[in-house]
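What follows is a set of structures to go through.
Shared between the two complexes below is chain A, which pairs with chain B and chain C, respectively.
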Partner chain A sequence: MNISNVIRGVKQMAPLLRKELLEAWRDRRALVMAVCFSLMFPAALAGGTIFMIKKQSEDVTRVALLGAERAPLIQQRLRSPNLEVSSLDSGSPRELLAGDYDIVLEFGEDFAQRYQAFRAPPLYLYINSSDTGSGRAQRDIQERLGALQQLVVTQRLAARGVAPRLLAPWRIETRDVSTPSSRGALILATVPGLLIMTLFVACLATAVDTSAGERERLSLEPLLLQPMAGWQIITAKTIAVASLGWLGSLLAIATLLLLMPVMPLTELGIQRATTTGGVIAMGLIMLPLALLVAVLQILLALRSQSFKDAQTQLSIFQIAPLVVLMALDIAQIKLSDSWQLLPLVGHQQWLKGLLVGGAVSPVWMIAGSLVTLGLVLAAVMVGARALRREGLLSAS
Partner chain B sequence: MDSRKRLIPHRLRYSLGITLFAGLFGVGAMAEQGAAEMAAPVSETCYADGWSESLRCYRIPVGTDSANADDLVKLSVLVAPAVNGGQHEPLYLLAGGPGQAASDLVRLLNPLRKLNRGRDIVMVDRRGGGRSDAFDCGFGAEIPNNIELMTAQLAACYINAGERPLTINSRQTVEDLESVRRALGHERISLWGGSWGTRTALLYQQWYPDALQSLVLDGVAPIDTKVFLAASAAESALQELEQACSEDPVCAGFVNWRSQLDNLLANWSHAQASNFPDPFTGRPAEEPVETWMLAGAVRTALYDPAAAAQLPYAVSEASRGNYAPLSGILGLFADMEGAMSLGLTYSVACAEEMNRIDAADIDRDADDTFIGDMFIRIFVEGCKVWPVPPRPYDAPEPRDHPVLLISGSADPITPPKYANEQLAYLPNQQHLIVRGGGHINSPRGCVPDLILQFLDQPDATLDDGCIADIRRPPFAAGAFGPALMPEQAIPEADSLLAQEHSAGGAGENPEKLEQRAIPTEEVAGGDQP
Partner chain C sequence: MIRVDKICKSFEGQQVLHNLSFDVPDGRITALLGANGAGKTSCLRIVCGLLQADSGRVLVGDADPASDPMAVRRQLGVVGDREGLYERLTVREYLSVFARMQGLSGAALQEALQAVREELELDALWDRRTKGFSQGERMKVSLARALVHRPRHLILDEPTRGLDVLAVRLLRKTLLRLRAAGTTILFSSHVMPEVAELSDRVLVMAAGKIVGAGTPEQLATETGCTNLEDSFVALAYGQRPAVAQTQGEPA
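Our next item is the complex of A and B:
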């Protein structure tokens, strides 16, 4: 195949491409699925962070005190914006925890007397560790009690003429080498995976429909009878499918960026560092990947037994790579730069870097994208050969 | 303001009078790396003690226009970059003293973290302070406890310092600040000043009004106020403590502590001074603790309500011959001196404050106060060996920048009335007064939130109701600390009982003693009318 042949072939392909694109974009079910997922995950992410921060900052820990009359000072000093303290005459801690309270504090007998006699009276802290709010409640109350305890200790030491500093033989100074951008990577780590997943999901319905679907509708046979090469058919289908996937992922990126200002990232100490150039790069690197995902999905669907079988296989196919990506991310495996040549792995790293404003090498992005395109070409060839097999049509 | 976070000095130093304007936040911020030598400001990543996140450290050359080569200094500038930069004007923190370094204020970033989200926070060590070629006269962490020794060392320092004492002053500091603002390319800035830093901020406002967005002043030292006349302010703070104590059911038990304090100060003997225990070693102090140091310690304790809350008990114990609690209060403050560069302190204080204070002023201020002239004496004596020409300020001109004033009602050095009486030329001001508050209240309660609201919307009126939630810490009631129950402890009865026990129960086993102690205390607890 020389170059003029290819150009002629592409020109010849135009009506076919038009037909495929029309079919892909007319399929309302596939379109809705692509759009929904693209909008859904950024919205869920934004909602999640907003909710998390709101819960952290606004949630009030309800504390029930039993026997507070034995230590009014503690009751009085526990009050703070995030602690709602109520003193009860009686009650069973278990029932109180089952009811409105997050935590129950019970003062031992003769609390104040024993405190004054330096006999360290017990202060019972009832918690329900199976309750999701229990950890926070415990932290809140211990922070407050700790401050009071510190005050008492300081006064006791001073009363004996001891500088409180003697309790700290040295000082630990923490030095955090993270940057707002690297802290962002921690929270936004799921985003690249989800963006890639958007591609898979947005392509899926159309990929199945254009291959296994056409075969079941018996419209694939007339298509193969047209005077066209196998690669032309596969390419046209791939472009149609990829167009949907790519636009899905662009929509997701746009939604995410639009929602970023309302996400309380600053409260989490995270910088909004995504640049315009970064956004454009994100869109561009998704295109070769969209093509690759589309062609692989079509190939898989073609060699499946039926429409249903194709759906099942593709569902597994969309989850498998994501699991690998997430595993890589969770295990925090340090990959050498050359891993960026591998599709998906490279895309994940680039997206992450572009999102949090980290350093991403354009050279690696271009090289990795070329590798991805090469794989697309190879897959198209494989597909073209498969179309020539007789068995393909009688699969069902 | 957690005193436990400060460094441990290896020897007790009592010259608490020196720490006059120090904000109560700790010492020891230390930039680790110098910056590269460049014309355009280039920063390096660095850290400072008390703040775990990384900072940008700059070295900005100033004094380049001077003919004198000695004047060329590279100022240390620390910037805590905003999480999301570019949204708001940067906030510069100005330190107290004079003599404290802005890099020591880095600890304030913890309570003021919210301010750092949308604003860079900039800390410039003024010339002669902290990392900017500290002019500390070799005092470092060791300041003599004796006025004569200290004055002698100051005199020697002055002689060896050349022209330096004559060049360091507020004007220079403001000009340097302006150079830094230009070098960093900040179009408009806001200033937070603490203590003496408020004076610097107010002067900057006079001289560079166009570069200023808004002002936050905590512990205000107005331009026209002779703030070194601190005796009556300290006396008012002590009286407010007395009042708060008498209203507290537990502290009210220390009926005569104020007269006991006056007695102690009036009759402090050499024997008492020499046997005063050292809060670090427990042995008698190496050098005698003289009356002025004792009075200075009481005055310093008033800076921090948590330390002040221990005064009635400590004084009451001292009047019975137990000096440990008083010594413990000194232990709370023992290393604040290290934060001051005394050459800088005296250059500014003598030229700008002491030169406008005369003997009659001192007498009037000292009259009927517990500290008398014992505080200002350190400066009177010091300025005798530190001759610098007076540098009077011009009368302040009206400025309409939004100004947030923060005062503690029981501040022994910059009481709220200074801000109320001397800042009429600032029409656009709001004043937050923390009841029972000491010196520097920015980190307390909801004040950081109010500062943020003010900086974001400087012209809106703040809803300051939450200030009322900031309370005095509980008073020390006995050797056990604060009383958990008001009727549980009548402090004096408690001590009397303790004496009774130690006298009568020498042969008894300790457990029995303990058991006896509880019921008798209940009887003493005041259930009976």
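Our next item is the complex of A and C:
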């Protein structure tokens, strides 16, 4: 097949492409599915981030002190921005925990006497471990009490002429060396996977409809009787399906970028570093992937026994690659550059880099996209052969 | 002319066509008459190039669907059995897509669309999407699709199935007009009155073979029957009317 034949073939394909595009874009169910998922995931991500920050900033451990008059120093020093301390005259720890308090601290009746006599009076810490917030409350109060205890020990040793540093052979100081971009990458690690999933979801309904659906409605046969080659039929269907998938991913990218200003990314240590060029690159790299996903979904749907069977198979098909991508991400496997030639893996790496303004090699992006397009061509040829299968006509 | 020469076809080891041979002359209506499962649809699909024969040869005009399917598809119009339409397209869009796929464009395209619109009385349906069309309306649109590029050969598989009286009359009128215009028509059916009324020649098919061929009158003479139904039963199942055999008169 030489170039002029291909160009003539593409021109002949125009009416078929028009038919496929009209059918795809008039399918309200497919369109709603594509648009909804594309808007839903960035909205969910933005909502989740806002909620997380709000929760972090608003979370205060409420502490009830019983018998606090016996330990005025602790009562005074316990107060901090994340601890809301209330002194109560009486109350049952169980009832207080069931009510408004996260933790109850009770001082025994002989607390003051034992404290003054250096006899380590007990402090009773009541928690409800079935409460999801109890771990955080216990950690907060123990940290605070630990610091206070250290202060008292230091004062007592100093009063007796002992250097406190003798009891502290070393001192731990934590330094966070993460950069805004790398923290951003961690938090936004799910976004590339979700963008790729958007593509799968947005393509699904149209892919099934144009292949298994046409076969079941007995409208594939008239198409096979036209003077069109199999590759033209598969290519037209692939472009129509991919157009919806690509729209979905572009819509998701646009929504994500629009929502970024309202997301508290700075509080999470994320610097907005996505550039206009990066956004255009994201859109462009999704196009070959949209074509690949579309043609593979069509091939799979053509092999299925029925419309429902195709839906089931494609639902599984859309999850499988994402599980692999997420597993690679969670395992934090360091992949060599050549892995970028592999569709999906390469796309995940590029999207992740482009989203946080990291370095992405244009050479690898172009090479990987060409490999993806090569696979699209191979799949179209396989699809053209699939159209010659006699089993395709069995529905009638 | 359509020529079928000694074709055989099996599906999963079961032979459905046995050395099937027949000719469909130009400008005539030929009926392929057979019971369900006789192999009519398989035969027509091989003629159209949708299926490949295991052996034998088919010629549509001077093109072989096995070796040059594109040439065959350009000169064929096919109306399949219970075929579906594209429900999100209007009739005009639907016919336009198929006419363009057959290579029509510009003024020729508009003329072709206008012609089928008038001939098949499609005015009321023209700008409606095909979803929800009745069986008769679907048949009209399918027939228009098969005819829009003015094919030399027309193949119809059980075209009257599920149609009401008016739709059958329109179909009959259209087929007779096409015959007068020189179109070669091959249709399959198991409805005897329809075959008797429309066809110039009848091919009786049973168990994947042609067991009788000729005009309805010739078949009646050959079998000693008075009507096509009896002739068909006699040829397909070997059951000659008892009265006719004993008295020596047509049943």
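Everything below uses one rule, namely that the second predicted complex is superposed on the first by the 365 of 396 C-alpha atoms of A that agree within 3 Å, B and C clash if a C-alpha of one lies under 4 Å from a C-alpha of the other, contacts with A are read in each partner's own complex, and residues count from 1 in each chain.
Keep in mind that, in the parts below, contacts are C-beta pairs under 8 Å (C-beta built on N, C-alpha and C of every residue); 3 or more make two chains touch, one makes a residue touch a chain.
Since we're looking at a predicted model, the values are computed, not measured.
Participant: Once the shared chain is lined up, is A:D102 touching chain B (first), chain C (second), both, or neither of them?
Facilitator: Neither partner.
Participant: By the touch definition at the top of the document, which applies to A:Q116: first (chain B), second (chain C), both, or neither?
Facilitator: Only chain B; A:Q116 stays clear of chain C.
Participant: Spot which of chain B and chain C makes contact with more residues of chain A, would you?
Facilitator: The partner that reaches more residues of chain A in the superposed model: B.
Participant: Does the superposition put A:A14 against chain B (first), chain C (second), both, or neither?
Facilitator: In the superposition, A:A14 touches chain C alone.
Participant: With both complexes overlaid on chain A, does A:D140 touch chain B (first), chain C (second), both or neither?
Facilitator: neither
Participant: Just to be sure I read the superposition right, which of the two partners does A:V162 touch: chain B = first, chain C = second, or both, or neither?
Facilitator: Once the two structures are laid over each other on A, A:V162 reaches chain B alone.
Participant: State whether A:L151 touches chain B only (first), chain C only (second), both chains, or neither.
Facilitator: Touch status of A:L151: first partner only.
Participant: Report the residues of chain B in contact with chain A in the complex, numbered from low to high.
Facilitator: Residues in contact with chain A: 3-8, 47, 49-50, 52-54, 81, 83-84, 117-118, 277, 279-280, 282, 306, 309-310, 313-314, 317, 323-329, 331-332, 334-335, 473-474, 476, 478-486, 488-489, 514, 517-518, 521-522.
Participant: Note which residues of chain A are touching chain C in the complex, please.
Facilitator: Spelled out, the residues of chain A in touch with chain C are 12, 14-16, 18-19, 22-23, 26-27, 214, 217-219, 221-222, 224-229, 390, 393, 396.
Participant: Looking at the complex, which residues from chain C come into contact with chain A?
Facilitator: Result: residues 11, 45, 48-52, 70, 73-74, 76, 78, 80-89, 93, 96-98, 100-103, 142, 145 of chain C touch chain A.
Participant: In the complex formed with chain B, which residues of chain A make contact?
Facilitator: Residues in contact with chain B: 70-74, 77, 110-119, 150-169, 171, 173-177, 179-180, 266-267, 269-272.
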